[in-house]
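We just call them A, B, C and D in the order they show up, numbering each chain from 1.
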Amino acid sequence: MKPYDTFDCAVLQNRELAPGFFDLTVSCLQAAQTARAGQFAQLMVPGKTLRRPISICEIDRNQGTLRFVFGVRGGGTLQLSRLKAGDQVNLLAPLGNGFNLGDTSRRVLLAGGGIGVPPLLEAAKPFGKRAVLTAGFRSRDAVILKEDFEKLGCGVRIATDDGSFGHHGLVTDLVEDIPFDVVFACGPKPMLRAVAALAHRRGVPCFVSMEERMACGIGACLGCAIQLQGENGPYYGHVCKDGPVFPAETIVWEE
Amino acid sequence: MAELEVQIAGVSFKNPLIAASGTFGFGHEFQAFYPLSTLGGISCKGLTLEERPGNPPPRIAETPGGMLNSVGLQNPGVEHFIREDLPWLKRQGTGVIANIAGNTPEDYCAMAERLSEEPVDMIELNISCPNVKQGGAAFGTSCESAASITSAVRRHCKKPLMVKLSPNVADIGGIAAAVEDAGADAISMINTLTGMRIDIRTRRPILKNNTGGLSGPALLPVALRMVWQASSRVKIPIVGLGGISTWQDVVEMLLAGASAVQIGTVLFSDPYAPVKMLKGLETYLEENHVGSAAELTGRVRSW
Amino acid sequence: MAELEVQIAGVSFKNPLIAASGTFGFGHEFQAFYPLSTLGGISCKGLTLEERPGNPPPRIAETPGGMLNSVGLQNPGVEHFIREDLPWLKRQGTGVIANIAGNTPEDYCAMAERLSEEPVDMIELNISCPNVKQGGAAFGTSCESAASITSAVRRHCKKPLMVKLSPNVADIGGIAAAVEDAGADAISMINTLTGMRIDIRTRRPILKNNTGGLSGPALLPVALRMVWQASSRVKIPIVGLGGISTWQDVVEMLLAGASAVQIGTVLFSDPYAPVKMLKGLETYLEENHVGSAAELTGRVRSW
Amino acid sequence: MKPYDTFDCAVLQNRELAPGFFDLTVSCLQAAQTARAGQFAQLMVPGKTLRRPISICEIDRNQGTLRFVFGVRGGGTLQLSRLKAGDQVNLLAPLGNGFNLGDTSRRVLLAGGGIGVPPLLEAAKPFGKRAVLTAGFRSRDAVILKEDFEKLGCGVRIATDDGSFGHHGLVTDLVEDIPFDVVFACGPKPMLRAVAALAHRRGVPCFVSMEERMACGIGACLGCAIQLQGENGPYYGHVCKDGPVFPAETIVWEE
């Protein structure tokens, strides 16, 4: 079995979850068998030189489908947002290392910021009630996937930047009284950094999913560099191959 | 069946499709898609004498019909390549080209000498990388410096020597002629054009390096023109590259004067592109009753 | 409302969008779409002293993200322009730039002198056209020749003088500095990169001229890089162009160092592009609380 | 009323007429009012730098529609061939001068070669029975629009290169015994040249529709040059503005 491959996939559904956020399900039998939580796919956008990296939000092995949730940022995601059921989209998948879920009897804190929330959904599945999602969004409008986590039995706490929903403030504000044994986090860098610091203070392992601009997505072009803490000092690893999920302590937060 | 094998400076490649340096790593990642023996050859990621960390990210920006990169020659150094990658690569049944870059002529010469002892098929001299001596101007942008680095390396190099030219020049024909005179066995062209993008939200260049190298389809007409111009100035074979993304582009490049081509950026959107190109090229040769790929070289009938 | 008016070498343009030479003729055809006063200015089709027939067809080839042209300065000559086009153009309520090209320095000087008597707002010196003296190399590809033609014309030119640079060079910053020293009041950049396409059925270059000038989006990152590099070398204003096709591109170009922009190839696919750009630029300025377009000039914060 | 403009048009129908030949009808109320036989439109192809010039094959003023018939040659026409009813296509139209139909009581010879046949259809309408179409195609497969001309009452004579339909030979072979007062022709240059020579021998006016690679389509870029016979010798006119229809005697057939 190839570790990753390109696939022409039928779009089964694409709907606007919240203004500017899309929920795309494609049929991809092979990748659905091997994909793991936290991995990503590179989606081809006709006319664009580069594919777009999007995290896998859900994997349905039985149906052979992958779900992606993405926000419209620029021309590429705009084009992806226009995909309709019955269209084709080409995927390069599954890519990256994904979350090492480890012992799923542990209590997990899932910390997500905005469009960083989707990859946490598949990771939440084996934990169910033992998972708490703390998620931050811009505003009430931008809250996504809340019900999806609730359906899995996870605790869900929401913060918004403008206070229009849930807590008015930061994701990290929500964590104070939550007990957990491991953290999986995805979101903007400052948030990840704060979550990592918090986990560090509690002495709990923390894994963060990072972003970087990509070309190949498979480790060949060395485009998606990220500064990591090595034995002999900092060095450039690569998000697509060494990540996107890294132990928080290996990240060099400031260059 | 049309003959696909081509000879470049005495080295035979089973077909004229070679992976371009920096876009294919050392081949490991692409064997997931097809055996590397599918390709005529692989030009490995650019090597320097010592390990190089490369430039800080972001290193990638998209442009209309192309992309910029500022990877900055991140590589594990030539010794690591010889030890860890080369033995494996040699077993893959494809031509192996070592692409080298240096900060000084001495670096280049030392690498050429070292690699001459190893089973690489060819050495590709990248004289178009930034961060070299001469106040930041690359060796590749004047006839004199291009010739002097070529002849220096020539003296230390026992392998067929291919010099990779920069397109950021006014007179590509002159530079091609200069490196031929200085002892190059072949020329590969073109490397990237320097470009820039700015994020209008942050008002900062997208690349941390400010500028980067433009590759991809946008580059194709410039590459074709330069190969055509250079091929009228030199007798040594030219390996053409820059923006090739379809089999038709391959044919165009051969017609313009190339004896083989390198395939780069298109691999990022379609890793199977070389397989498709090979098939398209074969069909074209057969439908047009051309006996071999080599017969296309330089066969454009200019006006 | 943000201020869109910009000043280039003492000439005020009501907004920073100028039609690029050769893509807008003398404006007649585009008034079908909108009043020409929509634009900050028009750089007219390149003029020569005498009428020129231009190159034989085909003159147009498409490329990925761009196009090639080998029109070859077909134009009715400077006197015809002054007699037939200029009076009408002057009534359209937009800035009028006369773009001139010559075979010899004498041609350039004669045209500059002649146009200095006429109500054009600015003269744009195209020193990047082919078919000029010096064995076919363009004036624009060396610092010396660029400076010498600029200073020669400067002596005959009573209008603000803008010199249009070629991108087919190794050191754009040096050339920009040279033309500033030689007396240019402004710089416009970039003209087209030279490219080629081949028809694989006929095995002939698509253009009868073999090569042509690459324009369109493919060029944008090269143009941005060159404007950015030049703007750190000169104090005179730069008019940026090359591949601009969205309002975001306009903002990028201003940030890179341009005081105004020219719009070319995009007009062929969308003649209304300038109208959309103007709207986008205004919204951007307002949303970002920038008082005027001029405040964006050079405001990229490089790393 | 603007002489030409850009229009976002709904595709009403697009079907494959013959292998590789497509029949596209779009709704374009405004252009349909002003367009004339022999004019053309520039069709936008998303992702391509240049529009594609395609002749107007039929104009329906009442329905406000334009019909185009085109062959797939390269990437642009391939993309246009994939348009489906309900899609949008952007037109720049109507462009060029068109056929000056003049006195429609004259007997007209319509001489078409391959994909040059479509623009002759609208020109045939006012002539009806007084028009004869002589058309050449590659083979039986490539014969298009025969019934459309017959429905107008035109005489129709077909030649094919391989003899698989109608006369085995050239369009000009079919003309011998046909009486006509004027010729409208569109097709490959050698054919047009032969038709022009034939008309010249008969002393009958001949109008030919020419092709050249285009950028602007409106006369601004000077890209679509064509060498014409002028009073002071040959000069470069422009197909998009001075043509595409030219009196045959103004064409310089060889450069």
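Simple rule for what comes next: a contact is a pair of C-beta atoms (placed from the backbone, for glycine too) under 8 Å apart; a residue touches a chain by one contact, two chains touch by 3 or more.
These numbers come from a predicted model, not from an experiment.
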Co-neighbours of chain D and chain A - touch as defined: none
Distance from chain C to chain B - Cα centre to Cα centre, in angstrom: 33
Computed distance of Cα centres, chain C from chain A, in Å: 46
Inter-chain centre distance, chain A versus chain B - centres from mean C-alpha coordinates, in Å: 36
Chain B, residues touching no fewer than two other chains: 61, 63, 65-66, 216-217
Pairwise touch network: line, ring, star, complete, or other: ring
All touching chain pairs, where touch follows the definition stated at the start: A-B, A-D, B-C, C-D
Interface residues, chain D side, partner chain C - complex: 2-6, 44, 48-51, 92, 212-227, 235-236, 241, 255
Touching residues (chain side chain A, partner chain D) in the complex: 46-47
In the complex with chain D, residue positions of chain C that touch it: 22-25, 28-30, 32-33, 45, 53-63, 65-67, 69, 71, 74, 206, 216-217, 265, 267-272
Residues of chain B defined as touching chain C within the complex: 61, 63-66, 68, 137, 141-142, 168-171, 193-198, 200, 203-205, 207-211, 214, 216-222, 224-225, 228, 243, 245, 248, 251-252, 255-256, 284, 299-303
